[in-house]
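Take this structure first; my questions come after.
Letters A, B, C and D mark the chains as written, and numbering starts fresh at 1 in each.
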Amino acid sequence: MIIVMKRNASANEVKEVMAHIKEVGLNPVIIEGTERDVIGVTGDTATVDIRTIRANKNIVEVLRVSEPYKLANRAFHPENTQIKVDNEIIGGKQLAIIAGPCSVESEEQIVNIAKRMKAAGANFIRGGAFKPRTSPYSFQGLELEGLRLLELAKKETGMPIVSELMSTKYLDEFVERVDVIQIGARNMQNFDLLKEIGKTQTPILLKRGLSATYKEWLMSAEYIMSEGNGNVILCERGIRTFETETRNTLDIQAIPVLQRRTHLPIIIDPSHAGGESYLVPAGAKAGVAAGADGLMIETHEDPANAWSDGEQCLTPDEFDKLMEQIRVLAQVEDRTVAAKLN
Amino acid sequence: MIIVMKRNASANEVKEVMAHIKEVGLNPVIIEGTERDVIGVTGDTATVDIRTIRANKNIVEVLRVSEPYKLANRAFHPENTQIKVDNEIIGGKQLAIIAGPCSVESEEQIVNIAKRMKAAGANFIRGGAFKPRTSPYSFQGLELEGLRLLELAKKETGMPIVSELMSTKYLDEFVERVDVIQIGARNMQNFDLLKEIGKTQTPILLKRGLSATYKEWLMSAEYIMSEGNGNVILCERGIRTFETETRNTLDIQAIPVLQRRTHLPIIIDPSHAGGESYLVPAGAKAGVAAGADGLMIETHEDPANAWSDGEQCLTPDEFDKLMEQIRVLAQVEDRTVAAKLN
Amino acid sequence: MIIVMKRNASANEVKEVMAHIKEVGLNPVIIEGTERDVIGVTGDTATVDIRTIRANKNIVEVLRVSEPYKLANRAFHPENTQIKVDNEIIGGKQLAIIAGPCSVESEEQIVNIAKRMKAAGANFIRGGAFKPRTSPYSFQGLELEGLRLLELAKKETGMPIVSELMSTKYLDEFVERVDVIQIGARNMQNFDLLKEIGKTQTPILLKRGLSATYKEWLMSAEYIMSEGNGNVILCERGIRTFETETRNTLDIQAIPVLQRRTHLPIIIDPSHAGGESYLVPAGAKAGVAAGADGLMIETHEDPANAWSDGEQCLTPDEFDKLMEQIRVLAQVEDRTVAAKLN
Amino acid sequence: MIIVMKRNASANEVKEVMAHIKEVGLNPVIIEGTERDVIGVTGDTATVDIRTIRANKNIVEVLRVSEPYKLANRAFHPENTQIKVDNEIIGGKQLAIIAGPCSVESEEQIVNIAKRMKAAGANFIRGGAFKPRTSPYSFQGLELEGLRLLELAKKETGMPIVSELMSTKYLDEFVERVDVIQIGARNMQNFDLLKEIGKTQTPILLKRGLSATYKEWLMSAEYIMSEGNGNVILCERGIRTFETETRNTLDIQAIPVLQRRTHLPIIIDPSHAGGESYLVPAGAKAGVAAGADGLMIETHEDPANAWSDGEQCLTPDEFDKLMEQIRVLAQVEDRTVAAKLN
């Protein structure tokens, strides 16, 4: 950690800061500059609150040299984390292809699409039972009935279930019935929820917040991990920028940055990033080519009549075509895709 | 609502869309353009899900002409909403000046600062008992003990309490002991929490999310109001932009925009916007000059030793000086500030 | 074009707007809504200034249904534009691989790197002779001497030259000596410069501005085209967002969006997007997988001693390795890469 | 300057970096940390190119402790700069109130509005003769004829002229006929133009780029100053964010930040920030209350028929009313406004 003193801070003012640093158990080293002094701080600075130190008015800036996250940090855990879900592994050689509708609508809908997805090479079924909607007047999901229908789809196909949890209220049901709990972008910093899911061992798919930095995102993973649950999968789903023609801007560089910073697996969600189906193939292919551990893609047999987000759903045929290309691209990154069924 | 068809959509494709619009109870009117057709839709479109309609591949865009919020909409409720909290009114002629520390630390701290704030003209005491912190390793608040100390401060000064609720777990305690429940920026779209506080009648101070549009913010107010609680106060606290020298960018234009769109009161929080104490006076004065209904300002007797966010706290003396200026500025906007005590 | 009237606009106020629309040669059609009236406008609206119409205080919004650009618009020019540069074609089946140093430094440097790049499969040489630098104290380029050195590199390898022009002062030299004139992100809306290069027939590589929307970018292309130069290549080089760990955020979705909106070729510059060399391969591969017409990549034999932007340069060996992967990825998109030399 | 080495960099790798630092004439000091080493660098680092140093692969980050601008830096020039323009001073006790139409349209228009503005308390006339328009099909200004009409308005009212220069082509005319040369947001980093105007002594009003950081903006001022022209006035005109309901987001915090960083005067342009006339008064009042040195406001006698940007123009009556309030607010900041005429 580096503490930048104001210009012309007196020797006493510098000493005072150094004393304070020693008090909190760290080691200060002074560098006397021509314009101002700088204090280097060594020791375990990860848990120090920068904003508290910076409150001293003789300090103009406090800069972190080490990351504030530890459990999620690749420096302390060089090996990739692989997360086992039933017979699948997320973060291994085979890509995790998570597909299915935005909302679960009916038994027929979810079972049929699950079969089609599996045939094309998907290995996880997704479907929303509880839906975070911007408007209180929009369809909010089938709730527990939706989970039941997902279980039927799993029974038919063997694919593990990925579904979003919005509050602690239904946590027990999710732990019991869902294989990967998704935490949505809007809840990425719902810290109470993160702590509670951290007490389970269920794999967590943690979406990036709409305007979350990589560091904040990893700190949210750290919240979950610090409670004991190390099974965290990061999911890039686009960030908010000034561009409005796409729903969000897919940040493909998140993949190499995160691979350097953390050992956790990284998944790309091109559906929410683009917000329109014609954008999904480019985002999905870019994700695989850039080295992602998997994809999460919304699909629907009849997008124009989907109960939510039909606009961004691929049809099964579009999904088939995309998977053909993904299969080849994956090889360049030394990855595989689950076999196609007939 | 306006539906923009793709270029060269056939007469049948247009008819199909018009039929779909009629099915959901609305009235379509066609405008045949030189390049493409457009369908105007009249009727109650506020509760229609735009993204569902747009899923039709012959539609390139669906544009809203009316706002998707109703209860929060000034069009349907032209009078300003005034919210009574004990003997204070938020949204009336007198400004709501909410002051106090980021975190409640001790009885002495909170009672002393409350007295100093009241003497200077504040009429609400704020203090965090439950703290949303980016790092799981940072101080998370005194929790229920913090609420107890706030009650002591209220007993000494008579000022109503504003404090942040982070999850439904402690909702009952908050309803009983806190006068205004604050919902933080990171929970602005925690829809389950919004629904639950909507079932109470406690005034809610709803902070704008870090990257929330005005429309999304008002939709979050609508969530609370649609459950029956119309006592919503909006609080602008800065948005995230590319500029990193300030913690956030204070969006002062939020005041006139919201005053046009909604009847709810609007408060400015210059402390979280700037993130450094030297920025707070400019933000506070700008807020009052631009017509805000109040201010929320963090203060601490000893910022360098505050347990959180000391960097952005004003000292009581700085607060006094600011209040002197606010008192004059308020007159230009035909507003008053609570009397100064000696 | 759609004109949204304010609620309760009187019949006369609506008539007045309709009369104004007729005056400017367009056809208004009224849709009477329950809450407000809307006027659909047909005719050639592309050249109408929306902000002028919106100045009428009874209008709350004016929404475009058609794009404001015509020459760059795929709707009026469905075929892809292919731009011939010497013996190369940009926008054809073979990818344009533009490689070379940020700044031209010496004959040895530029000739050697050009040979290495060509051997790996590049078909254009890039190098900055005039450098737009944030600081007036930074190296500003070798200027005309830089162009001379680029010509030597071209003579040795046969590769056409891509180099940045910063003002009209040296336009004649560039037209004579450079094969593709690059317009940098900071000059994307330097309209006087756009008009002047529009009067030449030299191919223009137009970089996207740091915070330019797709529409603004295409309007800048339109500026060039409206003066008579249709040889415009668009280059996505990352946009500015709140994320600071990368220099910019590479917007990979620009590829499918632009391919829908325009017939002009699209190139990806992963070097400026990431700003660090370890990010370049992921961005480059993502670009090709998402369907770009080419790549522009900064390379240097000794990045640590480059005169500018060494941080983001690939070494020749790193470039070789990347090109091996690009070669395979290109096939998935039915593209080719120039043959490797030995 | 602080150089952060990668974890586990060897002693030799650290030595190599230190040797390189000495070579460029600076002094390195090592701080050996538990996780990694850090090198403090003292000496004149303002002109060092950070990205060049960072190209060494054993370095993970280079952090600036001192600002990269010198002439614009308050640290080296503690007194406020006051800029004399005819009989007016920008940056003194009296606010600079710059008012007038977006575009000069006719003699009658510009002379009449100038008289009205002066009567209300304005002390500078503004008007666009050369207009930077997003579309090549929009009105581009009366050009030199516009300057002539501005001179007539000056002759009638005595108010100095502020007008925008878009390229070096007309620089001589501007130096001769215009009192303050405006550089628009889109040209903030047109470095060739900055250098040329830096060779004159005409005061320059430098608008902030749409997505420019404070540092970049000050570096652009530094470009002008480093050529010899110290008469630079900074103008905040709103930045681009995700919010689309306003044209830009007015960054009011720019005022206190810049007042700390630089000695140059700071002006607020609420017209371009908001983009709609109803937003202008709040922005203008906020600017004065936050301590700005002046305002630039677009006005028009008949906004609905303005040739450009009528949407954001105040009518003379609206301007009068605003000035009444500004007059009172200015006192709080110990400022004055030019006398009102009858």
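Here is the rule we go by: a contact is a pair of C-beta atoms (placed from the backbone, for glycine too) under 8 Å apart; a residue touches a chain by one contact, two chains touch by 3 or more.
The chain lineup, named per UniProt: A, B, C, D = 3-deoxy-7-phosphoheptulonate synthase.
What you are looking at is a predicted structure, and each value in this text was computed from that prediction instead of being measured.
Each step here moves to a touching chain, and the least such steps from chain B to chain D number 1.
Centroid analysis (C-alpha atoms only) places C farthest from chain B.
If you average the CA atoms of chain A and of chain C, the two centres end up 31 Å from each other.
For the pair chain C and chain D, the distance between mean C-alpha positions equals 27 Å.
Each chain gets one centre point, the mean of its Cα atoms, and the points for chain A and chain D are 39 Å apart.
Residues of chain D in contact with two or more other chains: 211, 240-242, 244. Arrangement of the chains shown, judged by which pairs touch: all-to-all, with no pair of chains left without contact.
Listed in rising order, the residues of chain A touching chain B in the complex are 46-47, 49, 51-52, 54-57, 68-69, 132-139, 166-169, 186-187, 189-193, 195, 210-211, 216, 219, 222-223, 226-227, 240, 275, 303-313. Note for the complex: chain B touches chain C at residues 2, 4, 7, 29, 31-36, 38, 40, 42-44, 61, 63, 65-66, 75, 211, 240-242, 244. The residues of chain B lying in touch with chain D in their complex are 211, 213-215, 239, 241-246, 249-253, 255-257, 260, 273-274, 278-279, 281-283, 285-291, 325, 328-329, 331-332.
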